[in-house]
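What follows is a pair of complexes built around chain A, which joins chain B in one and chain C in the other.
Entry: the complex of A and B
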């Protein structure tokens, strides 16, 4: 991605709420939160090279932990959020140490089981989580530094800041030693170990960072939806994230965001019925894998190359 | 200790279940020489390599580097002690460019702090700059400067093979193990690679290599060790080996077999 893309993206996203309706601001916020979650999946798919069907568990843990801290202990959002994120990273480290030794289908199955366990705990631990009825009436984040987040637009800007800061930080990360070592491990574990890369430590670090980003999406979900219920955190949510990454472009960071915009904004806009969503996601995944394995970003790059070639040939 | 050889391979053995891939192999490598390890297919050459570099645990015997036992250590530990290797069929990071491949190998052990590098602090940037310089040197040495920005996996096999040697050199070894460095190369490329092996030795690195290409082996080795069916059958200068009846028998089969 060229250097102009990120500032341009920020300007457009920042300007949008000024020109669109309140419902569209809601959709934009939803898109941004999905983009944050897809970004976390993009790290797993593209840089750890694993498919994580349990990624939504990290979102769920952060969402419930931060909200429960607020509702039960009266903590402010700004104190509850970092605690919840620390919890998620800690859990990711423990889970990663166990599961990242596994390869291919075994990792996928164990992470799927992990996510189901988390969901079942949330659904059945009535006294704490209120079970399937969920937590209701979650307030927007408390004002901080004189900024109120009571309005939908203000909350949208908060989510946007989280997305942009995450994206900027991850863009730096993948170019740093950590990013390169992750890619090396993904490419050839035996060679990576041989040149002196501590494989498990790299993978666990990668999963922790990914869980942190997923957690960022999680802490925003409660105040955004004002309700949290276990039904929001099923396998399908992880699949949605995967489809977003694949549609946008695996192995990039812009890809997940493009995919999230595509798959959140467009179906909602066309008012697709919600229960068709899993089917739609499956169809999209098949079509993209067959016809555009590099995703939308790959199509754009191919288009750019074609244009450049035609311009050159025309001379 | 003065009498300790640079690398001592001392009665090593490797059994896979009932199969004795390496029965009993003993030889030494002297500092600064190019030693060729040859033998017919299935003789146990690559297994011997895997035992020295720690990729496989030994069934018996031990390997010492300057008198210090290295067998039983992890492969990355052995590499950090100064024994680097290439892999048969070549291992590289295919999706990365040639430059990025070498950067990765150099970066792996570089003392770059996680946070310092994430946020691009000057200390981390200085290390990256130093690594950039080293990469240029290695690229020059292996003759891939012109291919630096190519995706490694898209290059012809001979170039990938050179990059494999470059990755091993990036670990700054004192002993370099090359597993069939000339496989898949045409005579021109073989000559170039053989010249490179000699330059590696001239730069102060001891070289031990496994190879099928007898012409190349005879041309550049100081000494040759011949293994057959998991045991050493001969050792000596190239001319002696070429005249050794046991070696000829191992390669061509004895009259009784015919």
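Entry: the complex of A and C
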């Protein structure tokens, strides 16, 4: 992503609610929240070199923890959210210490098992989580510094700020020492260890950062949807995130955002049948993996190269 | 009471073992994690059901036909979606990830196709066998006895295939050393296609048996897939005896934990056990460290 892209993206996204309908604002907010969650999956793919089929568990823990703190203990959103995020990062560190020792398919399967445990606990712990019926009537965040988040547009801006701040922080991370060490570990674990990088610590750090970003999506989810239920946090939600990353472009920060926008709006355009959304997800995943493994960004780059070559040949 | 629960656990475990076998065979031979496996199992059950309702076939005639159809479907899906990726390499991380992505895509497509074709109402497969058998205090329906019997037949057939035929030998060679097998002239793709066929047939049997005990519906593939994951990790990814033992063990654990600890939390219990096994023996109870 070049220097101009992030400010430009901010300006366009900030201007949009002024010109579109309320339903479009809802879709935009949905896109932004999905983009945050997809970004977290992109980090796992980019930094650990794995897919995480349990990523949605981090979202679920943050969503439920923050909402339960608000509903049961009367905490404000602004106090509940950081506590929930701390819980998620703590759990990610413990889970990471256990699972990141495992290689390839074992990591994937165990993270899937972890997510299932989280989902089953949410579904069965009736007294606290209200089981499969879920938590309902979740209020928007309380006003802070005189800003109210009761309107859909205001909440959209909140989500957008979270996304942009995360992006800016991750851009810095990529260029930092930690970011470069993470890439080194992904590329060649043995070599990384040989040059003195503590690989286990780096991997756990990577997972914690990713869980933190997933948690950011989670704390926004409750107030946005106003209900939380275990059925929202199945394996398929993790797969949706993977589809977004893969469609947008693996190994980039812009990719997950492009993927989230693409996969929120395409089903809208094809809204004539609900059954087509999952099929579309599946077909897109297969086709992109087989024919465009670099995703939309890769296609754009290829297109640019072709144009450049034609311009050169034309001279 | 305990003996009854143990027998129930063995019945459930037999089906689990069958579901895990097809999954673990593909991993063993091709190092592929097939996330679409649960949906193949679901489609297999629907094939059997449709053959019975459309042609009026009895269960024991519809099952072999369903197995053939599912095997064919499995092979077609292999050639269409997985083989293009494996030409590069099965074993690199990138290739492995791509196969997982593609089979996850297949999972969506197959499940939703089944919704569109058959609707979401659960249906039962009638095996056409009634009556009960008493073994001491233990009550067992004849139908459940047949389930155990079918499992035993399938396992025997699989072992004969693996250890008494040329293709079984080739398959084991591929599983042990892909490059070595290619060097002595074995056609990897064709053998793996054959594994997909066998895996599809086994999935059809497991799905149809689940349909006789519970119900056939488009969403039925999710649970067996998760169970297959758990079982192959218990038993070691790619290990055939591991899948059988792991399946029976899981059936027993689930039934006993459901009866004596907590029905609602029995699945959590299995997943926790799974994580414990992985921590103590990362290659599984029967697997060898590579």
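For this structure, a couple of remarks:
In the analysis below, the second predicted complex is superposed on the first by the 309 of 315 C-alpha atoms of A that agree within 3 Å, B and C clash if a C-alpha of one lies under 4 Å from a C-alpha of the other, contacts with A are read in each partner's own complex, and residues count from 1 in each chain.
To be clear about the criterion, a residue touches a chain if its C-beta (ideal position, glycine included) is under 8 Å from a C-beta of that chain, and two chains touch if they have at least 3 such contacts.
Please read all numbers here as calculations on a predicted model, not as lab measurements.
By the touch criterion stated above, A:191 is placed in contact with chain B alone, chain C being left untouched. Contacts of A:289 after superposition: chain C is touched, whereas chain B is not reached. In the superposition on chain A, contact is made by A:114 with chain C only, not with chain B. When the two complexes are overlaid on their common chain A, residue A:304 makes contact with neither chain B nor chain C. Looking at the superposition, the partner that touches the larger set of chain A residues, chain B or chain C, turns out to be C.
Once chain A of one complex is fitted onto chain A of the other, the partner contacts of A:201 are absent, as it touches neither chain B nor chain C.
Touch criterion met: A:173 reaches chain B, while chain C stays clear of it. In the superposition on the C-alpha atoms of chain A, no part of chain A is touched by chain B in one complex and by chain C in the other. Across the complex, chain A meets chain B through its residues 169, 172-173, 176-178, 180-181, 183-184, 187-188, 190-197, 205.
By the touch criterion stated above, chain A contacts chain C in their complex at residues 49-51, 98, 101-102, 104-106, 108-110, 112-114, 116-117, 120-121, 124, 235-236, 239, 242, 246, 275-276, 278-279, 281-286, 289-290, 293. Residues 55, 75-76, 79-80, 85, 87, 91-96, 100, 103-105, 107-110, 112, 114, 117-120, 124, 167, 170-171 of chain B are the ones that touch chain A when the two sit in their complex. Only residues 27, 33, 81, 84-85, 93, 96-98, 100-102, 104-109, 111-113, 115-116, 222, 226, 229-230, 233, 237, 264-265, 267-268, 271-272, 274-275, 278-279, 282 of chain C touch chain A when the two sit together in their complex.
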